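Single-structure report; data block below.
The first chain written gets the first letter, and so on, giving A, B, C and D; residue counts start at 1 in each chain.
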Amino acid sequence: MTVTLADLNRMDLAAFEAAVGESFELAPWVAAASHAKRPFATVSDLHAVMMGAVRAAPRDTQLAFLRNHPDLAGKAARAGAITDDSKDEQASAGLDTLSEEEFVRFHRLNDAYKAKFGFPFIVCVRRHTRDSILVQFERRLGHDQATEFAAALQEVFFITRLRIAGKVTGEGMPNVNGRLSTHVLDTHAGRPAIGVAIELYEFTGEKAHYIQSAITNADGRTDQPLIGGRPLPIGRYEVRFAVGDHFRRRGIEAGDPPFLDIVPLRFSVAEPEGHYHVPLLCTPWSYSTYRGS
Amino acid sequence: MTVTLADLNRMDLAAFEAAVGESFELAPWVAAASHAKRPFATVSDLHAVMMGAVRAAPRDTQLAFLRNHPDLAGKAARAGAITDDSKDEQASAGLDTLSEEEFVRFHRLNDAYKAKFGFPFIVCVRRHTRDSILVQFERRLGHDQATEFAAALQEVFFITRLRIAGKVTGEGMPNVNGRLSTHVLDTHAGRPAIGVAIELYEFTGEKAHYIQSAITNADGRTDQPLIGGRPLPIGRYEVRFAVGDHFRRRGIEAGDPPFLDIVPLRFSVAEPEGHYHVPLLCTPWSYSTYRGS
Amino acid sequence: MTVTLADLNRMDLAAFEAAVGESFELAPWVAAASHAKRPFATVSDLHAVMMGAVRAAPRDTQLAFLRNHPDLAGKAARAGAITDDSKDEQASAGLDTLSEEEFVRFHRLNDAYKAKFGFPFIVCVRRHTRDSILVQFERRLGHDQATEFAAALQEVFFITRLRIAGKVTGEGMPNVNGRLSTHVLDTHAGRPAIGVAIELYEFTGEKAHYIQSAITNADGRTDQPLIGGRPLPIGRYEVRFAVGDHFRRRGIEAGDPPFLDIVPLRFSVAEPEGHYHVPLLCTPWSYSTYRGS
Amino acid sequence: MTVTLADLNRMDLAAFEAAVGESFELAPWVAAASHAKRPFATVSDLHAVMMGAVRAAPRDTQLAFLRNHPDLAGKAARAGAITDDSKDEQASAGLDTLSEEEFVRFHRLNDAYKAKFGFPFIVCVRRHTRDSILVQFERRLGHDQATEFAAALQEVFFITRLRIAGKVTGEGMPNVNGRLSTHVLDTHAGRPAIGVAIELYEFTGEKAHYIQSAITNADGRTDQPLIGGRPLPIGRYEVRFAVGDHFRRRGIEAGDPPFLDIVPLRFSVAEPEGHYHVPLLCTPWSYSTYRGS
């Protein structure tokens, strides 16, 4: 259910809270404090005002707010006792399907984190792969209290920016989506490589998990970006191109087995809202790639 | 135990047979027929004469000779009832450590092959990865009798060329060794990348098996070729370069995590006696490779 | 003065001839024969019908038509006694500013050509550089009569396609324009190279003639294609990129003088209606280019 | 006429002076002061001792020594009134064949330089192209006296190092030679490009001066380095590769005219004693180069 910014600007307090109040976890006071600032010129302005309300709150209120967030992959999540938004977000990084061993590991990190900081570990999971969440967890456990308090608020702002962008439509949408795209150029023929099968994988540790497939079109691109319309989760990826099949279809001899068959490009995403263009220029005997634009 | 070509040229029949007779599996008659052709100008000549003796033999003798070869990964191998040469060769492709399932698969292929052709499947295993042996097995099962008889003799000649090259030293050694080398050039700095950790893997199906590691030296090369002094087994390989660590040591910022960390180059070898030079040209944001020389 | 296809479809014969009759050099009968075929669904259809009229004409009429074309860079052109279209076209390849020596060379080739074929040399000059016109001239002098008659008509069709596309607007415009574009990617920084000065040159023999300059924008591209909205003249080109200045602005040390300063990319255009994308990927120590898409 | 270090170590003063005294322009006292330091373990040691003698001399003596150097491209050179070494060196950069205009320009720079510093402009011309000498001239005119006095001595040491390396043979030769090499890899075929015609040019201003030609051998390299056995003059170069002919010989279609015909690589040399390896990786539709090793 989305609402337009125009409608939102006309709502009374109750309707406004019903529409966007849940964006800030169990903190309807954020929406309440923001209602008076209507009308908002842009959706980004709306989110900025709501962030301002959090920043302006007393420290105790902020702390209580952070404490109201559920544990990542915690028992509340398992028991279904968290908001729907939280549930969907945790599912996005596969935190709802952890093995028993992984569950125990998250649980231990959570306990250590809460013991040190007094509030649960908060991270905008849609902006991270499962691997990256663990990297963040361990890195942030090393922070001092002030640094981590700021880091937790920043994550809340990432989370709520995504929630607002999902609930409200209108002018000036916040920039929450990244894009992963590719392009295959056959520099042996001097034209785009058409019909090349592509697979995208995400790494968890040393394991590559299949995400999706695509086929290059007449321009050597995929009809849809490999990832688009959402943040690119921070993490490590591999895109595999079936160039051996491509050159075989063209009737090119390149050894038996051919020198190049499946070409993997392995790279990391560090900017979830960025554009990662990772093209492949190839012949049966050479290839190159780069972060393009 | 090696012997010089000069010494071999002076040997009487008994000594000659003792020296090189076993090269042709259970066929001392090949050495016997070749003895009279001494002296040999080169080691290649010696092998050519021995191959000539096989080619000149009646078809029945040739068939009996092929039949004397052990099954690949067969029961004789498991029981130790084959020549030492055969034992070492089968170990080179890991055929001595098959799982029960793999053993059964080889066994079945062997049975089907012998039923069709009347002699065991012969392949110069030192020139193949385990994967490639299975590809060969299935491909050759589709041959007609004449084609496969010739193919089997050709494999015998590959096997014996390697055995002779291992036993006899002197002028005109046959070309039995391939070479896999690499070179890492840091095109961000315009100089060789020093101290880059490299790992070589061989593929069996979708699984990458670790073979060995190396570190680039001051010239961006490895002190020893990744594979050298032996045939390059036909098959699929991956060389992985720790370029993320390299640029981190140079203090270059390239995202967190860095855009490139472990760069895998995946390629196939089709010419066991060839030189495969597979360099990596890289910056923190791009890389390229090619079959070089 | 352009006319819309809709208006053209409604015109009587006189208006129709006035509008498009001159497209076929001194041959109003082509328009006259085409008028009855109205309405034309597309501008390409209009041109196809006019070409059909030429093809359907008796050989004598066709020959007379070819003979009515002016000499390339001939005396008629110098004296101004040719159609405006012809005048503009000849100027596009610099044929109106030949040196005395070049004028004599063209004159001689023209004489030889007319002596052999009985009609003047016709070429669609907007599709060629001056260099390419001379190559065509000499190549076509070697043709037999039938081949060259067909070649001359084909050139007439190229010429008239451009003229029609310049006079008539509407649905289904013929594809007469090519595009030359570039893109500079700084693979040292992993982003587009902004503010790089680019110069485009065209070759006549060994001499590079300056055509125009551009500067890369925030996306590493030029705001306008280097050539666009017209055919790309067949010929040899060089695009020069001031990458030394770019890296100097970024504060990168790359030798004194820097290893790369002006990087020239030299290539030829063979398809005047094609898209030539010629990007530069560069670091201070390396670069690459390719025909992209 | 060269002498061995061993012989030199045994010479009396007169012979020693005759052998190496002229290396330091009109300054036999340098050799005289060095004679007592025999034996020299290496040729580099000999030169180090001679440099030490200059450094140890009183400032007045040093100044007189600098003043004894001939003007670059000066009247003395034209009149033949300079040492043979100086004459050969000036010829190496073409300073003996200046146009009248260039002669005047050098003359003026010389006058300005001498007016400011009190000694003639000294530069090791073998380490520079004519272009680079002019760059040095103007840059050094901006120096203060102390900086330029040191710079002049440094140039003397470069000059004498080359002279000593040319006169004396033996252990520990000073490193005076650079190397410019190339390699052409046909990544369309996956092997070295054989028989590719290569031309080397040096730039003076915007003009490219032809230096020499070579043809790639079976390994895609030139039998001799493009420049070797001498310093690489600092300056700008272009190497041109006739790749269009190469692909035409291979029967590859790549447009008419072919997309790539003559490929120019333009780069600068900044380290006269360095190794510049400038390879070309190419297909009919793409190429790349880099400073290799």
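The definition used in the following text is that contacts are C-beta pairs under 8 Å (C-beta built on N, C-alpha and C of every residue); 3 or more make two chains touch, one makes a residue touch a chain.
All of these numbers come straight from a predicted model, not from anything done at the bench.
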item	value
Pair joined by more contacting C-beta pairs (A-D or A-B)	A-B
Of all other chains, the one whose Cα centre sits farthest from chain D	A
Rounded Å distance, chain A centre to chain B centre (Cα mean)	46
Centre-to-centre distance between chain D and chain A (centres being mean Cα positions), rounded to whole Å	57
Residue list for chain D, restricted to those that touch at least two other chains	187, 190, 259, 281, 285-286, 288, 290-291
Touch list for chain C against partner chain D, complex	132, 135, 234-236, 238, 255-264, 266-268, 270-271, 281, 285-291
List of chain C residues in touch with chain B within their complex	187-190, 254, 259, 281, 283-286, 288
Residues of chain C defined as touching chain A within the complex	185, 187, 190-192, 219-220, 281, 288, 290-293
